[in-house]
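After this come two complexes, each holding chain A, first together with chain B and then together with chain C.
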Partner chain A sequence: MSDQKDLLRAPFELAYNYKRSSGPLMSKFFDALADQKILGTKSSTGKVYAPAAEFDPETHESLSDLVEVGPGGVIESFSWIEEPKHHHLIKNPFAFALIKLDGADTSMLHMVTECDEADLKIGSRVTANWSATMENRITDIEFFTLEK
Partner chain B sequence: MSEEEKKDYAESPINLEYHYTAGSATTRFLNQVKEGKIVGQSCPKCSAVYVPPRGSCPRCGVATNIEVPLTDKGCIESFTIVHIPIPGNPIVPPYVCAMIRLDGANISFLHLIQGIDVEEIRIGMRIQAVWKPKDEWTHSLENIKWFTPIDEPDVDVATLRFQES
Partner chain C sequence: MKKVAIVGYAQHPILENAGALNEVELIMPVVHQLFDELGISQNNIDFTCSGSCDYLQGAAFAFVEGLSAIQTNPPIKESHVEMDAAWAMYESMLKIQMGDADTALIYGFGKSSPGRLDSIISLQMDPYYISPLWPDRVSLAAIQARVLLEKNIIAPEQMISAVIEARTNSKNNKNALVTELVDKEAYLASEKISSPLNEFDCPPISDGSSAMIIASEEKANEFTDHPIIIEGIDHRIESSNIGSRDLSKPSGILASIEQLKLEKIKFDVAELHTQFSHEVPYLQSVLNLSDVPTNLSGGPLVGNVMMCAGLDAIGKTYEALKSNDLTNGLAHASSGPCLQHNMLVHLEKKS
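Take a look at the complex of A and B:
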């Protein structure tokens, strides 16, 4: 019988280069990011979902009324990452945060950085910082920072 | 169609990095594979031979502690002809993935079949491993490049059914 220390162990990497079809509505959301605009969708009840949603989870109606939200917003909840791992997009300490953008009734998950953990509070105002390279992805917003 | 080609998709790569720990049965198996040997493990209760071994007999629930050296010859138990290319896969379709039943084994494992027109492939066909050069051998069944048909009569398919002992 082998000892535990003699067991074979090897690193593996599983990778798929998916291309995700965004669909007619979400394509507009991603296109708008390239113009540094964040879009939400407005329901017949007046509720604004941001990021844009294709359907209203409450009324189940199909949504198509796009409205611009942000780029500022309020932190609703956050989780501080003191030591980012290699797969994190930000190498300095940062927070994953739920951000309720101005004009929206729902919150969006993104990152907040260039601050200390103690600077962050639920209710802190943040604003979007745009990436230098636009790829029609949510990462076109590089991160959020505290409003000066 | 607009002249300006519109990008209607988002790049969405998925990447998973992990460590695989082989466990003692697979470690013993792969250490032999590195030497160019295929060694199955046999159940002390029902005598079924497992290759690659997982360390226990799923029927009897006992450790398969008897090592059984096997040949690199066997037959095709089942196969699929792959016509659709997978991005990043260096193998050009059409190619054949087959469940390989080595002589003396009670279970099969997945490997490639090459060296024959895909239309000729059939269940029961006799095959043998084609090994990479010895200096390229690692702890992997990829030491076998593929299996290729050999000039021996087909195996009776009925004998491939699991034999109750």
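Take a look at the complex of A and C:
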């Protein structure tokens, strides 16, 4: 056996382990989540993109006019997962849903739970439930539930 | 603009689990099959371009290893797209049109069996608003399926027919992975994976590779008397912000249809990169293909090699034109969630 000191060692993690900056606009969106506020951006045509978009995919203009939307909204479409898989964040039956928040013209992808599939339909009203731990991530909204 | 023709296409048998066969061993047979058919070698190829996804192999620049499948000494001109190899074909075509090459080799490869495809594909999306939620590819497709069903743009019966037809058509495709027939009862009894989609609505996890050789029209005439010309090609992408898209109106595809003046062409055959059953009737309707034989190969529902299935749609259209008395074919390749990025290719056989 060679002397352990002769071996060159380097840690290796099989992952894309880099960090990203949220940038000037999205960082405001993530900061606002800490105050339990959801922000969108308004374009010159009056259309409100939520979650806050950096640019308008139709007019291609940069967006900076922030407006508060939600926390309630309407389900535009959803898929229902009765048996969540290992990578899903919610371990009980839940839906991935496109949710058009009040005051917005576009939808946000998020999760809806604490209900049955039969309770959900396109047009159902839902509201944001906040995570106990705030990390400046989209998951600071833990999930949405049907409005009481 | 210089015309470009497809002169060869080869597909590895699609496998459920290629096991110890690595990517290089998957690519080599299809590339060499093409070289043998055309009586050429890598020395006759001016430009080489591949399509694959490093996320599947789990390491940055993993695609470089694929080059071990071909001869790279003396040095070659090559490129890679982190996309379906249909886009590698697009890049190669541009290279020929620019006058930098007369021949190009394209290959695509993907092994989905070693990892968990659903979670891997989640990582490819918007890292701020979408990836942290870990939406799997089936659930995103299911969201679009529900929109189309709710708006009566497609009917559940059409999804069942798409599944049954894909299985029936798999007999035309010697490389198909799924060949077992299915009936309506079995379909309806199947458990939902992500409602409204069940396991039959989804493509199988697949391993494999494909290769294609294209050439300038002039050069193609040296290989064949009936070159199959890329008469029209166009690709468009919609917003990565999935919630800002109208999932029932494919604005990109509609723009491509207009650009290519497709409404004036009577197609004899079409192959669509439709990975989920609801996408079949949806695109048939958008592309006005109700009378056109579509996905005679079975399509992605009977074998869906990631980063190859789009190139395969082009290759299967090419094969249909080549071996039958047909003139015009339409191929479609797609990328991203809910048909976000689409390419349309009009192939025409010259008599």
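Quick note on the criterion: the second predicted complex is superposed on the first by the 134 of 148 C-alpha atoms of A that agree within 3 Å, B and C clash if a C-alpha of one lies under 4 Å from a C-alpha of the other, contacts with A are read in each partner's own complex, and residues count from 1 in each chain.
Throughout what follows, contacts are C-beta pairs under 8 Å (C-beta built on N, C-alpha and C of every residue); 3 or more make two chains touch, one makes a residue touch a chain.
Since this is a predicted model, take the numbers as computed values, not measurements.
Set against each other, chain B and chain C touch different numbers of residues in chain A, with C touching more. Shared-chain residue A:Lys148: touches no atom of chain B or chain C. By the touch criterion defined above, A:Arg137 lies against chain B and chain C together after alignment on the C-alpha atoms of chain A. By the document's definition of touching, of the two partners only chain C reaches A:Leu89; chain B does not. Of the two partner chains placed by the overlay, only chain C lies in contact with A:Ile122; chain B stays clear of it. Looking at the shared chain after the overlay, A:His60 reaches neither chain B nor chain C.
Look at A:Arg20: by the touch rule set out above, it reaches both chain B and chain C. Contacts of A:Leu109 after superposition on the shared chain: chain C is touched, whereas chain B is not. Contact with chain B, but none with chain C, is seen for A:Leu7 once the two complexes are overlaid on the shared chain. Shared interface residues of chain A (contacting chain B in one complex, chain C in the other): 14, 16, 20, 22, 87, 137. Across the interface of their complex, chain C is touched by residues 14, 16, 20, 22, 26, 49, 51, 53, 57, 76-82, 85-89, 96-100, 106-111, 117, 122, 137-139 of chain A. For chain A in complex with chain B, the touching residues are 1-2, 6-22, 27, 30, 87, 135-137.
Touching chain A in their complex are the following residues of chain C: 58-60, 116, 118-119, 122-123, 127-130, 132-136, 138-147, 150, 192-197, 238-239, 241-244, 247.
Those residues of chain B lying in contact with chain A across their complex are 7-24, 26-28, 30-31, 87-88, 139.
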